[in-house]
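Structures given as structure tokens follow.
You will see subunit A twice below: alongside subunit B first, and alongside subunit C after that.
Entry: the complex of A and B
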């Protein structure tokens, strides 16, 4: 297989750099499948699946710890120069981000167990749809990392704007439901936080894209980041038209 | 002045390690004052102050970038061994956390400008109180970092449980207000997210405490972390007693 770390004369140094990538790949794969399972648990009101997601979060934390140890050992033993060093530090940063993504997926699972104790509400359908798009973004950004493809990373980065737009409409939909009937408030509040978790995962995915871009191009992404979370400024009043 | 990095024969290597600490100290001070200002903006319904907080978030991001560059340069030029290397990597991690804390503070400010467009609601008082306690935790964890005091870090770490308890009661208070009158829903939703932001900042502060503990003691904090966010499991129904 082609590796992005060819060219070092010491074979095991390459192995060590590749090992970091393998960890990221493994960790990212679990984070992605944790989000997928949490969304399934939500969409299908499956509390057993949700419980599984909550338990499995530990697996992600363990790989993050392994990456931390491997990186420290690699730096101390190999004293990597500029490019390799940036590579190692990038893997530490990405590991930290994937750990957060795992936390958010576990929180989606936790909240879906609450929703299963309450009567179903309509917006519970829009939220998993938004989640599937973010799941796809995670998948693509991990591919972009393993192939060191800056254009693919940039394409994921741009798609986050669409997620923010979806989040905005889900936010308004949820507030409308809450205003219509107070019995919807608890369920819709948990859905609000679930939607926000998904939106945050989208943001984190763009952070990974930025790290990849910098690794490949050697310079930061200078485009202005599409502005997240316009709902922080949202004012809605009861009786206003649904939007 | 006493420095935690005494003992290297090359004087400028110490300077470089201290410089990282100085950056953390500067960055942490700004993050703390950003949260303080955001809470003031919320408590006093001061949108001009909130606007200032939003603009100043960039200052934190800039120091994070400086820390990243300084750390890469230090590792490449000095090839630090075990302890110093852990120190450098710790400063990178803490910088990343402080950047997030800054983001959360800016989001509190954004949402407080929305609240100023709506009639005041009662729970807007409990939320800043909770925020002041977290602000104090940031202050103390930064002190613990600059003095490398594991016990002080542990004490901050333990206090987060109290914040989680406060968040829990604020969460229930807000849901009760929403259920009582749909005209409270928009304001209370933004307050819910503000309270959640503050609770997350508390969590991040415990992460910094864990990093300090590890740096000083050379082993991870093995106590089980007080469990955050029990509200992820909260079921409330309209008409239930206020709690």
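Entry: the complex of A and C
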């Protein structure tokens, strides 16, 4: 059942389902540009831009509320079945995830305003690079949603392993800087949290991919995602040989 | 009614994924065809009805679901010019066998219709009708049956003091439950229901649905309904028919969440037109 669906006999039902999709694209677009702006603020040490990101987070929250309202009304009035029902559930879940992504982007912005008041540290360059990759993942997963493309969603899902690997190396790099000079600790800790936020956004993006897979296929994705983030087990002792 | 033994028509196979009853199947329909005169109404229907479960037949008007239901207890025999082909067995016995006793068959399959149709007699006489036709006169047996059937149909508490009143004085929902009581009074194996709630208000409908849920297990129920939400609520298996063909027959849960055939999907989501 891959061909596009024909419309419902009751046309206003289609309009309501389309409205949910429109909200998701709007919300996704904002979440993506919020992350992009937060990364710019970090890379270019632009505190004004960071402040803007923090203020704009509210816009995402507002759309999430609208989606919640529209979904409840649609369930109550239309009793959606089969893939219509999955669409309504998917939009609710994706909205919640995009809202979290927005929060993480705002947190990146907040921490970069602090970083901008400190002397620059070297890893501040590799963190935005990692962020750009995640930003691209968000973009592609939103495309996969609007085109109902389970394969494209899967491809994004697989790519998160690379992000985990990058996070792992950023984590080690930051620890090394902190051990070299304790004056780096404040900046490096903020960077570490920023890197962690970005890594979390990557994870959330894979959740969106899973939701798209379920929406299109009608069955959950059963593969187990490969994980490359080993930082939960990392130990580094000052003076130990670097490896 | 005439019977055709063999026809050479290759049908698109039904997509089949039913929930199997723990006690096996009660009805077995295989390659069943039906014509009203020259007009063919059913095309090679093959399906089982699982014992103790509720099977819903859904599909747009004219898809043959009522015709199929009525074929199960040979109600179509009464219509002039009906020809059938294929086989229907109840507990392994061919119901269209020329030696089959149609009256005995109908006693094994109680039927409830769209419009409540109590007989113009007392509540008591309505329920005991199937037994009295069989010549049962023992007052005690009749009284026990009335209480059992009315309790079974969730009507006892409402009518126990009105057993000698006319059944026509009951509300629509009560009349329909009375018809269910009458249908189960003879202790049939199968209950056939043709749109049993379409003339009832939502509360009476909910009562009938609750009743269907209680009756299943003891009886095997086949229900024809236009109300898809009702099929989703009351049945364990759902058969989707279209233009006289059985398109998909599967577990209700799957039929309404991940149907396997496009036509089923379009119908259950309201895209048929």
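Here is the rule we go by: the second predicted complex is superposed on the first by the 232 of 243 C-alpha atoms of A that agree within 3 Å, B and C clash if a C-alpha of one lies under 4 Å from a C-alpha of the other, contacts with A are read in each partner's own complex, and residues count from 1 in each chain.
Following the convention adopted for this analysis, contacts are C-beta pairs under 8 Å (C-beta built on N, C-alpha and C of every residue); 3 or more make two chains touch, one makes a residue touch a chain.
Because the structure is a prediction, the values reported are computed rather than measured.
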Clash-or-fit label for the pair subunit B, subunit C on subunit A: fit
First (subunit B), second (subunit C), both or neither touched by A:218: second
Which of subunit B and subunit C A:117 touches, first, second, both or neither: first
Touched partner set for A:178, first subunit B, second subunit C, both or neither: first
Which superposed partner A:85 touches (first subunit B, second subunit C, both, neither): both
A:13 touches, of subunit B and subunit C: first, second, both or neither? second
Which of subunit B and subunit C A:55 touches, first, second, both or neither: neither
Superposed model, subunit A: greater residue contact from subunit B or subunit C: B
Shortest CA-CA distance between subunit B and subunit C [superposed frame, angstrom]: 5
Shared contact residues on subunit A - subunit B and subunit C: 79, 81-82, 85-86
Subunit A residues within the subunit C interface of the complex: 1, 5-10, 13, 78-86, 218-219
Of subunit C, residues touching subunit A in the complex: 228-229, 232, 256-259, 262, 265-266, 268-273
Residue ranges of subunit B touching subunit A (in the complex, touch as defined): 68, 71-72, 75-76, 79, 81-82, 85-86, 89, 92-93, 96, 107, 110-111, 113-114, 117-118, 175, 178-179, 182-183, 185-186, 189-190, 192-193, 196, 229, 232-238
